[in-house]
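Shared chain: chain A. Partners: chain B in the first complex, chain C in the second.
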Partner chain A sequence: MTNSPSPVVAVTNLSVDYHERRRWVNVVKNVSFWIEPGETLGLAGESGSGKTTTAYSLFAYRRPGSRIQSGTVEFEGEDLLALDEGRLRRLRGSRISMVPQNPSSSLTPSMRVGHQVVEVLEAHGVASNKREGETRTFELFDEVGLPQPRAMFQRYPHQLSGGQQQRVVIALALACRPTLLVLDEPTTALDVTTQARILRLLARLREEHGMAMLYVTHNLGVLAQICDRVAVMYAGELVETAPTAELFAHPRHPYTRGLIAAVPRLKEPPGAEVQLRGLLRRDELPPGCRFAPRCDFADPKCFTLPQKLTPAGDPYAVACWLWEDIASGRRTVAESSAGAA
Partner chain B sequence: MRYVLRLVLPRVLLAIITLVVVSATIFWAVELLPGDAATRLLGQGATAERVTAMREVLKLDQPPLQRYVGWLSGFVRGDWGESLVSALPSSIASAGGRQSRPVADLVLPRLSNTMILAAAALILYVPLSLILGLVTAIYRDRKLVSWLSALVLVGTAIPEFVIGIVLLLVFSVTLQWFPPLSLIDDAQSFTQLLSMLVLPAVTLTLAMTAYAVRMMQTSVMAVMESDYVRLATLKGLSRRRVIWRHVLPNAIGPALRVTVLNLAWLIGGVVLVEVIFSFPGLGRQLIDSIKLLDTPVIEAIAMILAAVYIIANLGADLIAGFLNPRLRTG
Partner chain C sequence: MTEALLEVDNIDITYGGRSLFRRRPALPTVQGASLSVRRSETVALVGESGSGKTTIARVVAGLHRPSRGHVRFEGVDITNLVGDRSRSLHRQIQYVFQNPDASLNPRRRVSQILGRPLEHFFEMRGADRARRVEELLAAVHLPPGYASRFPTQLSGGERQRVAIARALAAKPKLIVCDEVVSALDVSVQANILTLLAEVQASEGIAYLFITHDLAVVRWIAHHVYVLYLGRILEGGTPAEIFAPPYQPYTAMLLESVPEPDPSGPLLRAEDPTTESSVPPQPEGCPFTPRCPHRLDQICEREPPPHQRLGDTHEIWCQIPAGELARRQSVVVS
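Our next item is the complex of A and B:
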């Protein structure tokens, strides 16, 4: 699958189910991807596409009521899904760390933020005593651009602004110098200016530490700014991966085309953007291509023919058997399926 | 220090205002009891002069507002008035030489008995419910724990008088481990006192624990599913540290609040349990006094119970406040 130097993490055929109303519902299906050292992979998709679940599986973390049905998550050569709790604990927060979606609910309300950083340093033996932990925390706070690190140390989460909270969480994630940083919509809960500052900070930190990142978001603008490569997810499956520039210039999968076309542009009047037809309905997925019910190009065969991510002209990989016809313009919007919406 | 004042002062003021409102309500409610205390005391056959004389002695001739203010200011100063019926029946008959007994003398020993009972129940109940709640929440995947949770749920539905009667039948009547009557005044030694306390205290504890365990369980489970506990886990902290430093401090606030609020329930529970076990406490005194229409005693006990209720609420608020940095630091 990969011809590059050994990847930091390689996910192979990952499938995850959730327990819902007394039955198991598949949320991630046969997902495979890898991230190279220092590389930033963007994971894009609508809410409910399984991107957050995929992100958490990099920690071998199962959310309550979920099970990892199959697959491997190889991190630096070890399958995380086969490790025991103790080994996992040593990796989590030190070699792989998380910047979650909502900074305000991700910091423990009863604990001073400084101590929340110190405990990570202590848990992984980076700091051997309290004084060392504190000094290191001040440095980390300074590094992520928190003003007056010493004063910040004593604050409780609710006394910080959203941007400051996210900086604390980033300091936490960086504390043990991880090789892989997983970011789950890290700027979605923030206002636009704060979002831009946090993105600049992340770009700078990546530059300085050379860590690999998985950046999960539904915001294509953010992806374009920070990612080397993008993987697009739909209804639990990867539908396309490509380097960011290529993906935005010539998306190949109908879903990616729809996503990119749906971004409002300043030059066009409002409402001119193309809208993706319909909604993601998890309970009505066809056995074939999961996007078929919403696809403008769909053929009756699409509904029954399962699609797999396959090379589609370097550097693309696409899960659509019609991609060539669509790209060349031989296949246009199918009238029959357009009427079915 | 300033935040302590800001947290405590308004709540204390509110508690005092509530107590005043409650005192007025109690006073009017007792006034509404059928009949005039003087006629009640002297019986239906008393002459009009004797009734008038008695009304003067009892200050019933004064306007109600004046009597209320007099009663309340007396109550605050510790002068709770005199019992109407505690004196011997023969001496009541002669209105002038009535041998009266201060309400305080009657009520205070009963109050201390009730406090001993409530304290015993609390000592069992607070740790028991917090620990059970925590354990059942953490190990909820295990079979044994789900049975325990089910048991707790059933326990919530059983009223205290049923528990009390069952315990009484099993442990006092059948097994004869504990005395069926708690004549605490006759207790010779500490062990004797303890054996009298066991059944009533256990009854109260069982009745309260079920509910509190559930509250603690819910609270712990909500916190365990929070984003910050997930992040703490992903930080690579040990499970023990996650539970002690991230789950417990945030789960115990709401649970402890409910636990302390249960004190208020304890007040009601105590009345029933004291009657079942003939425990000479406030609750039984209240029932006895209502039967005899001994208004000053009813008023005093009602005020004490209301005060305990309000103080328990205040305590619950303050505990929640001190545990929550958001309230503590503003």
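Our next item is the complex of A and C:
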């Protein structure tokens, strides 16, 4: 992996544990990645893969009952994990901001949406008075494609559709012109047509402002549309990273192949032979490759041999020691029976 | 074989109406909707939130009475409400909802959840019932040990399997599936769709499958209806729906599908030029404000005319199908 000279954010060897039933359970293990200025990185994985925990680490946010076991999160030259709360509060929402999954729960229901944006502008000192804040809010609403910004300003969240609410949240996130925008399943709760419009909006805003983005979702189809690079996560570990076009043309990790095959598509019927089977079960992870119990290519050695992300022909990095044999067709699904554990 | 199992015949559905708080009579949520489902067939009803797709399901369920039109099941009028329906009719039409968290009682074990319809419809008890619960779990690929678990001890996909097993317990002829996969991870969605197809093949059950995502139904539906703000705008087999000419709204739905292909049409497509916040005229085509092909004077005032393009293919649009085909490019190659 060649690291760029000045990434916006660089996460190195991040490990996070959660406290569950009186013991510490590891949920993110030795995760490293970086995002360059203006770049969009996709983080893909199923429920329970640790993708949201990883995304929140970019805010140095720790869920109660969790601990960061090791690692650094370097943002514009500072280690966020070493900063005090006051400094973090100034960074969050201004230099780094977030668009969460459910827009209705991230807006205050009893406050006009315009005032919520003005509040953020004032809190971070972007607007020095109400008037300036209002003018700036109209501009932001216009920018995110909300019709009739002045009328929108006066609405309460429940008077807006899901897509309009998410546009308000995006306006909030962009209010202070962040260098890094973290999006956690921002369109999962929306209709496909609304999702498409939000994706087009994000693509345009990225072009205009050059901000870096981390886009987190379980749907690789969405990442194909908007990301420059994709990182695939399984059971707390990264299993593959590659530029988007390469990842979809030649996925190398069996899990990535399964995730791509699972995306509902119009052009061809789903390939039953590459479908993911079973579920991610945190309590049944083998000491070796964590994906082995669900992998159609696994052999007995996979269950005992831990895997870590290693270069697999530029520009790929893969955590599978069998990837070359799988890619060349030397190893097929039929010959392994150990996988059916 | 050609006889319809379920027939929804030209229904209007209206919520509310004149009341203390509402002066004007309410506008219909669904207007003139007709559809039919044959035995062992999957019929998809596709539309966004607010299209009225769940409202149609509620009428089929007997939870709401249409203000006009009829619903027939095996030729018998069932437009009446759920309280007036016979036990055998309850048994034959079952439902699976979007959110299994809300539809499964968290304080009942899986064995009790599945056992209840067995007792209610077939008076099964004791060992018979336990054996049938085990069969149902096997049918949805869950281990027998799950019978003693609570819903909270299961993942979202597993809970949806339990909800499907509960519907199967009644040995229904029709299952209404309302957004059954949209709350699940894509990897789990694929598994649930495969399971539904498998159950259909073995039990001969028909599905009325409701979703907002056309891609989900591409490979499982025998017939697709596209619904927008209460009006059906296109109906046909998947092969017909996914090839031009497209009803303009269908084209927009197709362009919105995020396929696992970085060169797909999603980002190249354009947003509708004007998104007017003024609701469309009740008589006109509801899609007019977002339609790239709209004819200003006609579309917003007159209902979109019916055009039959084949035995099974029909669209509702002012623009002749031939003209639409000329204007449109192929979305799905």
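We adopt the following convention: the second predicted complex is superposed on the first by the 320 of 341 C-alpha atoms of A that agree within 3 Å, B and C clash if a C-alpha of one lies under 4 Å from a C-alpha of the other, contacts with A are read in each partner's own complex, and residues count from 1 in each chain.
Everything below uses one rule, namely that a contact is a pair of C-beta atoms (placed from the backbone, for glycine too) under 8 Å apart; a residue touches a chain by one contact, two chains touch by 3 or more.
Values in this document were obtained by computation on a predicted structure and should not be read as measured data.
**Q** Which of the two, chain B or chain C, is in touch with more residues of chain A?
**A** Partner with more touched residues of chain A: C.
**Q** Classify the contacts of A:Phe59 with the two partner chains as first (chain B alone), second (chain C alone), both, or neither.
**A** Touch partner of A:Phe59: chain B, not chain C.
**Q** With both complexes overlaid on chain A, does A:Arg92 touch chain B (first), chain C (second), both or neither?
**A** In the superposition, A:Arg92 touches chain B alone.
**Q** Per the contact definition in the header, classify A:Arg131: touching chain B only (first), chain C only (second), both, or neither.
**A** So A:Arg131 meets neither chain B nor chain C here.
**Q** Of the partners chain B and chain C, which touch A:Val120 in the superposed model: first, second, both, neither?
**A** first
**Q** Touch check for A:Leu107: first (chain B), second (chain C), both, or neither?
**A** The answer is first: A:Leu107 touches chain B but not chain C.
**Q** Once chain A of both complexes is superposed, is A:Arg22 in touch with chain B (first), chain C (second), both, or neither?
**A** A:Arg22 contacts neither chain B nor chain C.
**Q** Spell out the residues on chain A that touch chain B in their complex, using ranges where they run on.
**A** It is residues 59, 61, 63-64, 85, 88-94, 97-98, 100-102, 105-111, 119-120, 123-124, 156, 158-159, 169, 172 of chain A that touch chain B.
**Q** Give the list of chain A residues in touch with chain C in this complex.
**A** 46-47, 145, 147-148, 161-162, 191-197, 199-200, 203, 218-222, 224-226, 244-245, 248, 258-267, 269-270, 272, 275-277, 279
**Q** Mind listing the chain B positions that touch chain A in their complex?
**A** 225-239, 241, 245-246, 249-250, 323-326, 329
**Q** What does chain C use to touch chain A in their complex?
**A** Of all residues in chain C, those touching chain A are 48-49, 155-158, 185-191, 194, 212-216, 218-219, 242, 252-262, 264, 266-267, 269, 271, 275-277, 331-333.
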